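One chain, subunit A, appears in both complexes that follow, with subunit B as partner in the first and subunit C in the second.
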Partner chain A sequence: MFSGFMVNAWEIGTIVAVVGGVVGFFVVLRGAAFPAHAIPNGAFAGAAGANLLGVNPLIGLGVFSLGAALGIGRLTRRGRADAVTALALVMMLALGAAFLSQSTEYEPEIFSLLFGEILGVSRGQIVPVAVLGAVCVLFVGVLYRRLLLTSLAPEIAAAQGLRPELVDTAFLVVIACATTMTVPVVGALLIFTLMIGPPAAARCFTDRAEIAFALSVAFALVTVWVALACSYVSDWPVGFYVSVFSAAWFAAGRGYLAWRRHTSAPSRPWGSSPDV
Partner chain B sequence: MSNGPVLDVDHVSVAFAGREVLDDVSFQVQASEFTGLIGSNGVGKTTLLRSVLGLQRIDRGEIRVNGAPLSRHARVLGYVPQKVSLDPDVPVRARDFVALGLDAHRFGFSRRTKDERQLVEQMLMDVDAERFADTRVGSLSGGEQQRILIAHALISQPSLLLLDEPLANLDPKSVEEVVSLLHRVAKDHGVAVLLSAHEMNSLLPVMDRIVYLTNGRAASGTTDEVVRSDVLSTLYGHHVDVLKLHGRVFVVAQPSESDVEIPEHSTLTIE
Partner chain C sequence: MATFLFEPGFFSSGPVHVALVIGAVSAVVTGVVGVFTVLRGQSFAGHALTDVATTGGSASFFYGLTPLLGFLGAGVLGAGAMDLVGVQRLRGRDIATGVVLGVATGVAALYLYLDTTKSATTGAAQQVLFGSIFTLDSSTIPVVAVLSVVTLALIASIYRPLLLSSLSADLAAARGISVRAVGLLFMLALAISVGLSSIAIGSILSTALLIGPAATSLRLTRSLRRAFAFAAVIGVAATWLGVLFAYDSYYWFPSSQGLPVSFFIVLLVFLAYVASGLHPIPRALKRARLDGHAAAAQRVR
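The block that comes next holds the complex of A and B.
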């Protein structure tokens, strides 16, 4: 389990988990789950297009996910964010369908774009993924507090000169960056679960942002590691296990929260008091 | 700090789609004074506050804060918006939210110093928020959240605090509490307050100055100077009466000039 092609899988899985946990924390906090879903799925069309042109799929992924991020960021400044995101998603899926219809590529290639092929990762893929991952983590780390305040209270952040609309777009670009690096590894359909499940669970276990942030990364790591091991043993796809364990974290988190509220309800007397 | 006004709104006009929302509005806010920005819904109070914050482009005129033209006021202005919607399970405690007022612009995860943590503690005490300081900010009641927003805005020690309709949707007792809290905290911290409201009576005891806004135009001065029949009639463009009753003030428009026949007891009240 810890030799040969599996070494690459462990390494790249670890990188993807860290990025998923870090970026995902703010995806959940900002309520950006829909863009985080739309960007990877749209980016899949870019990879299909790149296949058709015979260029590196990573370039197609990059171009499409970046285009989607900037487009969604630009257009959501006025008008309905969800409608714009949905339209961007279907446009890119339509393009993907068109590219695929022209492609002579056989099915497993397409399948791997959607569901990833982490067990087939080569040494050469690790470096670009690590670099893109480091960029994402660095960005979130440096702008951590800005991201926090612009997520919680964009109007207040704007009044403090923090430019929330700029932070919004920059963060979408980070999602695009994370997407580009992770789609070939875990697939377009499944990176999303890693960005939602562990962070959404993490915030149930603590009321402190820094701890939730760290927990989000820890949960994502455990998810990927356990999924890899299960996949190795059972021969089922890694993505399946990643999704199941991500959802399980979330279920556990909500359960914990419900239990906490149930047991600690009487100790919060001001909750029901009518004063300010 | 200079001895001039903290805020100088100088012949400011703002138009949306050809309609003048603010039409040649001028007024000043003096250091450490409590100013009420009074007007009914939709007269441009929020537009005016957003203009002062630099979030709204103004078409004519100038806004100066501490004598400097409008640009990046960031740290000299504190702002409490009308509403902040937060998920109840957001992993941020009330005290962490207050602390963000101090360092949201800072890069990275740098730990807060002992002095900063003490400042947060002091601020929480100033707004009577110690007992829910460790609760998630999203799960607080509206009034509790408002105290946290005020603490967040004040902790960077601005010279002017702007509040957008902080008294809307509060019951009368809470209104009184918030007004006296603001009055006390503003005095303690030596900060000027510009507070928008659609009703002036609850502010009469603490207001040093009033800016009365209607139809995009403003009159300002002390309450006695502004809330008078002649001043407000000019502002409204038709006759209004100002009635004083048990220390409360009512602005009443008389429909007598209208051609339409209206029953005698029917009056239009503009709060």
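The block that comes next holds the complex of A and C.
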């Protein structure tokens, strides 16, 4: 389990978990689950297009996810955010369907783009993923205070001259960056579930932002590690285990919250409503 | 002119007839449900339910059941799960939807994997993920028609409380309406229409026809009744033009490798939405529109 191709899987899984936990913390805080689903899913069309043109899929993914992030950011200023996100997503998926219809690519490739092939990662893939992952985490580090302020205290953020729509778009670009690096190796599904379940659970366990942030990364790491082990033993897809364990974290978090409310005096977690 | 627009055999082709009928029915039903979906800010749930329905599709493929059962069953289950986890609360609703969606796609991954190991026939994933309107059987028409009527009847039966609780949940609660129950019934209608349209026209198109025409029409008019009509018209027009273009596109390329119908329909829907935002909306009109919604709420009272 700890030799050969599995070493690559452990390494890349760890990188992806850290990025998922870090970015996911803000995805949950900002209620940005839909863009977090739409950008990775739609970006898969970019990979299909790159395949058709014979260029590196990473370029196609990057172009499409960045285009989606900027497009959603731009269109949202004049329309309903969720409707715009839905339309951007279906437009990209439709382009993907058009690309696929023109290429001779066959099904396993589609499957692996959507659901990932973490067990088939080669040494050469680790370096670009690690670099993009570091860029992502760095980006979040730079934006950390602004992201927190605009999510938790919009009034203070406005008073300090922060422009929420710019922070929004910057955050979408972070998601796009995380998407570009992770989709080819772990698939659109896995990164999405990692960005939702563990961070949402983390918020239930503590009132403090820093601790929730750390918990979010820790939960994501445990999720990926256990999922890899289960997948190795059972041969079932990693994505299945990651999504189930992510949901289990969420259920545990909600259960803990309900139990706390039941036993002790009601206390409101920081930020928005705890009813995630 | 006519031969230039309509490539030979367009009007005599059986699959084209079926595609035109089912496409139009799906467009009308999802257009109407879509107006409420956009108004309630539940686009994510509407889209997530297509993926949940897809999971049902891949599961029924594995167990050898009829796909319709899988699509509808999973959709209704998913809607129930979202309601249970807390989609009815405005805040954190997206996260709850995301959790349900995550589990559903995870299970879909498992079943698609099992599908490929069970039988050597590939194509399960492609068929489930990007169903084509051209491969429909004409026997699907009655089922689609019946379920469409059921969905519309469900919406009609809760129309007023639904409208009021969509525009102002507080107001609705004050009027003694059970916002929760209305929300659950709406999710049920949403699940049926989405499951139906994702089996009829594929999951990509389902979301496109649910959100696109509705969002476009809500930018064009202040009146809700007109919004329903616009949404239905835009949806049907996009569907029919898309079917026509897709049919014609087989003759566009020397390889006679046409482009998928979903591509054209989504493109048209998307262009309609973008075009509807091109004309600048004066501030006064924007305010008037908000007042219009408030006035609509008043009327419902």
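One rule holds in what follows: the second predicted complex is superposed on the first by the 261 of 276 C-alpha atoms of A that agree within 3 Å, B and C clash if a C-alpha of one lies under 4 Å from a C-alpha of the other, contacts with A are read in each partner's own complex, and residues count from 1 in each chain.
In this section, a contact is a pair of C-beta atoms (placed from the backbone, for glycine too) under 8 Å apart; a residue touches a chain by one contact, two chains touch by 3 or more.
No experiment lies behind these values; they were computed from the predicted model shown.
Of the two partner chains, subunit C is the only one touched by A:80; subunit B is not. Greater residue coverage of subunit A by touch, when subunit B is weighed against subunit C, goes to C. Contacts of A:222 after superposition: neither subunit B nor subunit C is touched.
Once the two complexes are laid over each other on the shared chain, residue contacts for A:206 go to subunit B alone; subunit C is not touched. In the superposition on chain A, contact of A:152 is made with subunit B only, not with subunit C.
By the touch criterion defined above, A:143 lies against subunit B but remains apart from subunit C after alignment on the C-alpha atoms of chain A.
Of the two partner chains, subunit B is the only one that A:161 touches; subunit C does not reach it.
Residue overlap on subunit A between the subunit B contacts of one complex and the subunit C contacts of the other covers 275-276.
Residue ranges on subunit C touching subunit A, taken from their complex, read 38, 41-44, 46-48, 85-86, 89, 91-99, 101-103, 105-107, 109-110, 112-113, 116, 122-123, 125-126, 129-130, 204-205, 207-208, 210-212, 214-215, 219, 257-260, 262-263, 265-267, 269-270, 273-274, 277. On the subunit B side of its complex with subunit A, the touching residues are 53-55, 72-75, 77, 79-81, 84, 86, 89-93, 96-97, 100, 103-109, 131-132, 134-137, 141, 143-144, 146-147, 149, 152-153, 156, 162, 170-171, 173-174, 177-178. Within the complex formed with subunit C, the residues of subunit A that make contact are 28, 31-34, 36-37, 75, 78-80, 82-87, 89-91, 93-95, 97-98, 100-102, 106-108, 110-111, 114-115, 189, 192-193, 196-197, 200, 236-237, 239-244, 246-247, 250, 254, 272-273, 275-276. Residue ranges on subunit A touching subunit B, taken from their complex, read 29, 141-146, 148-149, 152-153, 155-162, 202-204, 206-212, 257, 268, 270-271, 274-276.
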